[in-house]
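Chain IDs A, B, C, D and E follow the sequence of writing; residue 1 opens each chain.
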Amino acid sequence: MLSVERLTKRFGGLAANEDVSFEVGRGEIIGLIGPNGAGKTTVFNSLAGFFPPSSGQIRLDGQPVAGLPPERMAALGVARTFQIVRIFKSMTVLENVMVGAMLHHRAVPAAIGKAREALRFTGLDRRAGDPASQLTVAEQKRLEVTRALACEPRLLLLDETMAGLTQNEVQEAVELVKRIQARGIACVVVEHVMEGIMPIADRMVVLERGRVIANGPPRAIAEDPVVVAAYLGEEYRAPGP
Amino acid sequence: MLLLQTILSGVLIGLVYALVAVGLTLIFGVMDIVNFAHGEFLMLGMYASFWGFALWKLDPLFTLPLTALLLFGVGAALYRVVIRRITDAPMLSQIFTTFGLMILFRGLAQYFWSPDFRSVEGSVLTGKVAFAGLQFGLPQVVAALGAVATSGAVWWFLRSTRLGAALEATAADKEAAALMGIDAQKMFALAWGLGAACAGVAGALLSTTFPIFPEVGASFILFAFVLVALGGFGSVAGAFWAGILVGVVEVVGGFLWDPAYKLVLVLSLYLLVVWLRPQGLMGKA
Amino acid sequence: MSTTFRASLLAALLGAALPATAEDVTIGVIYPLTGAAASTGLELKNAAQLAADLINGTEKSLALPMVGGGGLPGLKGAKLKLVFADHQGNPQVGASEAERLITQEKVAAIQGCYFSSVTQTASQTAERYGVPFLNDSSSSVGLTQRGFKWFFRTTPNDELFVQNAFEFLKDLEKRKGIKVKRIAILAENTEFGTGAARLQEKYAKENGYEVVEKILYPPKGTQLTSEVQKLKAAKPDVVFQSSYLSDAILSMRTYKDLGFLPTALLANDAGFNDSEFLKTMGKDGNYVISREVWALDLAALKPVIGKANDLYKARHGVNFNGNSARAFTGMIALAEAINRAGSTAPEAIQAALKATNLSADQLIMPWGGIQYDENGQNRKGAGIIVQVQDGKYVTVWPAAAGTKDVVWPLPAWEGR
Amino acid sequence: MSRAAAGRAVGLAALVLAAVFPLVVRSATWQNTVILMLMVAQLGVAWNILGGYAGQVSLGHAVFFGTGAYVSTLLALRFGITPWVGMFAGAGVSAALAVVIGWPCFRLKGHYFAMATIAVGEIVQAVVNGWELLGGAVGLSLPLQNTGFWFMVFNRSKLPYHYIALGLLLFTLGVNWLVTRSHVGYYLRAIKDEPDAARSLGVSLTRYKLYAIALSSGLAAMGGTLYAQKELLIDPGSTLSTSLSIKMSLVAIMGGVGTLAGPVIGAVLLTTIEEASRLGFGGTGRGTDMVVYGLLIVVIAVYQPAGVLGWVKQRFPPKAAPAAPGPGGAR
Amino acid sequence: MLQVRDLRVCHGRVPAVHDVSLSLAAGEILAVVGANGAGKSTLLRAIAGLMRAEAGTIELEGRDIGGLPAHQRVPLGLALVPEGRHLFPRLTVQRNLELGAFTRRDRGEVAASLEAALETFPILRERRAQLAGTLSGGEQQMLAIARGLMSKPRLLLLDEPSWGVAPIVVSRIFETIQAVNRTGVAILLVEQNVKRALSVAHRAAVIQTGRVVAEGTGAELLRSDLVRRAYLGM
């Protein structure tokens, strides 16, 4: 459904992504991992339309979409969350989700209906009337997911939605992602919490210093010496790029 | 020849604009607050010079250090009393606080010193400078040189002193500065003091050529805003060079085109620049 | 509209129309008391107040109508009470203040407003309410072309002033053989300056002069260098200039600094005749020629001018100038009409104003008197032309009033 | 009573008060003051759509106000077109102008945008000042003699102006309310809160900001027409000045930006302060009125940055609201 | 050296650190490990004075510093090298270092400290006239640590020193941390690279959702299944 082909993004002279290629199939969950500063968020921003790539192409169902602005990407069915939550603080929980729902349901009553449905799906419905700024961090992250879901995406980009959550909350998040997948929505998940991503990812793409160093099922990735080196530090390090 | 004379006249007035803007950009750079009452610092500087002259026959040029000191105090005190409370307020309330201060200062000036136009007559700064067929008023030349010296001093202060570095550090990263043991409150007060002092010095330098009245700041503040944005919010060097540019564009544009539209010319130039380069000429991207 | 409302409005008006014996006659006076023109506004206010105080007082030494009568004899000695309002240079505020004075303060008449734009809106309000409006100091020609019935203007308007200037030039040519050819016009670009510049251009062409440059500049600017350079390049014989105070000062300084010296500088009153102008300019202000409506040296011909001025100076430390003398005169003329009306009913005052016929010796102005035409314009107004000589404004035209000979051309800046 | 219900009740009471005020209070001065309040409130509400809801701080809105005033006045003077039509023509021209101005300016953010709007305002003022067709610096005046409904000029009675101003305010509030109840309103608030998040949800920033500026400027232009009809004189200094632009935003800030009722409350407050300080001290010529006025602005801005409604929110926090969309009115 | 008792810190209304108690002896390295967002950074920021504690006490060498603003804690011998380094990117390396010594009165000795810092981090000597923003990740981290040391702290708080640093440089940074510790500076280390952190620390505390859930020596925790599962995900 989505293919990323030799995506390169430079800021000034610095390459944040270089020749990044991977595919996302319909309804697949892709884990995007790697150390801080490896370029995960840059990939994300390119996919969501926030950065036009310096070179390379992104195709959605075969159509080239690289360089389209975020609002067009959203209309094409790509929704995202943010690493640092960006909820609409002046709004209630429901209103936050309504903004997402309005992408396909302009009329307020329809948007309310859609938003409530999304809130029920993610289990936030009991907080619908609360000001969004009063939610806990975990709830705010969930709200972002709900809001993105209300856009009725085909592809959902989740940026560290599990970071900083308790064990139980991570489990809930895992469940949620699974249920999202069950709806046929593909997910690209940037995550540090391995225990959260490993069990659900169909495939993992590992980035390091802007390049893809591994791409495969979670088990294989976990045993890949290159990945272990990138994650665990010096003494595990195999000769790298 | 006439054109050269005109260009140089533009540079002279541009340098004074630059000094006013340097103070404004300093405050903005450190605190992200646009001070609408900045022209009133200039006005206070003018009155300080005037009263020094009227009461004690002290020439504005000699009282200039005192004026600078006085305005530093006014700026720092204003920070302590008012601005400190709006550091984290939304941009709109900040704008309106300083807008209110502008009206307040003008009102106070009128209350205490009447709306009359005042002037310093018979300062040592009278006469002309003529060379190579060009001629300029001595006060303008001195004002321009004073503006260069003061802007230079500010630049040197920021670049080469421990306190200047601390100020820049606070501007760049308030928390990191605190971790260095720098008291942000003191730095903010310092920025307001310096900003006000710059405008005050500009006022003192202008006091021998420009009429002095409570609303005199209004004439300069729009230029100062333009320069700050044109040079890049927070960039002292940017404001300085933008000052010269705007002075030349204004005077030469008025000469070659229609003086009624010299402001339009300057503002259009400004809009064009920020449209092409939203961060201004020398601003941080 | 509800009938009750009408009734109440009528009652309010009638209330104003039936003063009890010897009750105060309230007059609203609107001037710019804050803002850039506040210093002029204060002078106007002081002069109007002085006139009112003289009328209310019993000191009779000043031979002017109403003065020293201890109030208005025609209204059983009622005292004049002035209520001042500040229009801040804002036409909307002017209109609101006029309305407040009329409805709240129940004024019998209004005087003001100096700024032509504010006079326009404030007099509209007076017109709507049918309250007499005496305009003492606005010179925009259009004000008396609106067909208003309640609007009376004592001062001559810009057209007359501009005509005067050209008569003066012709006079020079006739009497002294001084030939002026090239005229440049420099004017600030608000209503005052642009209006004057337009008239000057028109009359210059009609009189066969060459207008070599017409420059309009924004009055709140910080420098006038480009304007002066343009003037310099145009090499005019005479510069016609309309400026407010701060730009008048700034322009003079720039002339000197850049070495610009026309044969003569013919100013259009305003900033050049402000009390602060000479104080600020010192010797550099000498030899400026300006149109005026009043000058202290006229006292030589008309002693009452000197006496009135002494009173003003004793109170406020400065001499009258064209503005304050007009405000003073306006108040006298208004009071004289109200006195003749014998009532504060608006219609009565209106009728009395229409019938006003003051003679030249009843005024501290060099006018032929005060008599309004059908548009409310004083048809006997006249202008004079003054020149600064030895730090004083002296009258140099018309010859009949002229006390001194004009200094022509302008002497060099240095060595004055 | 919930806060929302209390808000509605207060709003209704205010409406009734405004409707009967000139019938009860006969003083033309008071009537005039209230008309000024209504007019300023209308401008504040119009400004608020762009500056408050969409968060784009415009300090050049006098351009749009002036456009309305000039368009309707020119149409009346040149073609004898009634201002009732001119008002809407002015709104249309103003909205078109706003799009032309907004398009490039929306590239700029925060202070840069605010400064750019000041620059645009000053440019327009200078250009009109020299534009003979528009009367230049002298401006345009409407004849006092053509009175009546058709000409929208009324002599002594303040009632017609009062009800036109009130009607225009209600119309503007109505438009604002409709906006807040449509996806546009939600999108504008989203853009103000988190522009990037809004984009990721399919909101085109440029398009919705342009909607906001077009609406906001069109409504401000209608206020301009009313001003022209009331004062019968428009000139660049009084209809296009930056201080007027600032006043439009000031009322919104005093009352509470991004709220329906905020600018109305702000207008009542600001007009009262202005009038009281001028009436109380203006005649002295000592600037006391400016001191009082300036001081009050500072005090309000410093101690109540969220405006009067912000204070109300703090003072009366909402009870755990039912899960319904918040009423636009009292929030 | 450092005594933290029952510390509670909130983000807005949400508590991020719950009643945490820690102690650190002079010359010790204590590692605090835990998931992203578990409250580690908040803990350090509260100790440094960047955040206000809702409850609890912080004592430095027996003195209660809980009420002091951050800038007044620096001269008492405490320095924080924050997460993300927070250098002054538009100032030179040298200016950054000099700012580190802002609170010191012994002007003469500052020069010596600067010399010592350049000795310890030779790469900074090469770069001393360069703007800090142009350094590589590893160099920036070196500069951040060196800047922290310029105030002559007796306690150094390090927040994620390996953040955004190329793996090859990570070892150098940890070697440096140990070297600094050998000069007698106590170190409170927060680190995501758990293995690394535990291998240099004398003792360690595991923190989760704002609470200390495990404590022990580095080696003990490294062997612990809990730590392996939660942080290595395997």
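Things to note:
Definition applied: contacts are C-beta pairs under 8 Å (C-beta built on N, C-alpha and C of every residue); 3 or more make two chains touch, one makes a residue touch a chain.
Note that this is a predicted model, so its numbers are computed, not measured.
Common neighbours of chain A and chain D under the contact definition above are absent.
Shared contact partners of chain B and chain E: not a single chain qualifies.
Relative to chain D, the chain whose mean Cα position lies farthest away is E.
Centroid distances built from C-alpha atoms place A farthest away from chain B. Chain C and chain E have Cα centroids lying 76 Å from one another. Separating the CA-averaged centres of chain B and chain D is a span of 32 Å.
The residues of chain C that reach two or more other chains are 34, 38, 41-42, 189, 216, 218, listed in rising order. Contacts with at least two other chains are made by residues 126, 129-130, 285, 287, 289-290 of chain D. Every residue of chain E that touches chain B in the complex is listed here, in rising order: 48-50, 69-72, 74-75, 79-80, 82, 86-91, 95, 98-100, 102-103, 147-148, 151. Within the complex formed with chain B, the chain C residues making contact are 34-36, 38-39, 41-42, 189, 215-218, 220-227, 229-230, 232-233, 245-246, 249-250, 253-254, 256-259, 274, 276, 279-280, 282.
Listing the residues of chain D that touch chain A in their complex gives 181-183, 186-187, 189-190, 192-194, 196-205, 258, 320-326.
Residues of chain D that touch chain B in their complex: 51, 57, 59, 104, 107-112, 114-116, 118-120, 122-123, 126-127, 129-130, 246, 249-250, 253, 257, 285-298, 300-303, 305.
Interface residues of chain B facing chain E in the complex, by the touch rule stated above, are 162, 165-166, 168-169, 172-173, 175-184, 284.
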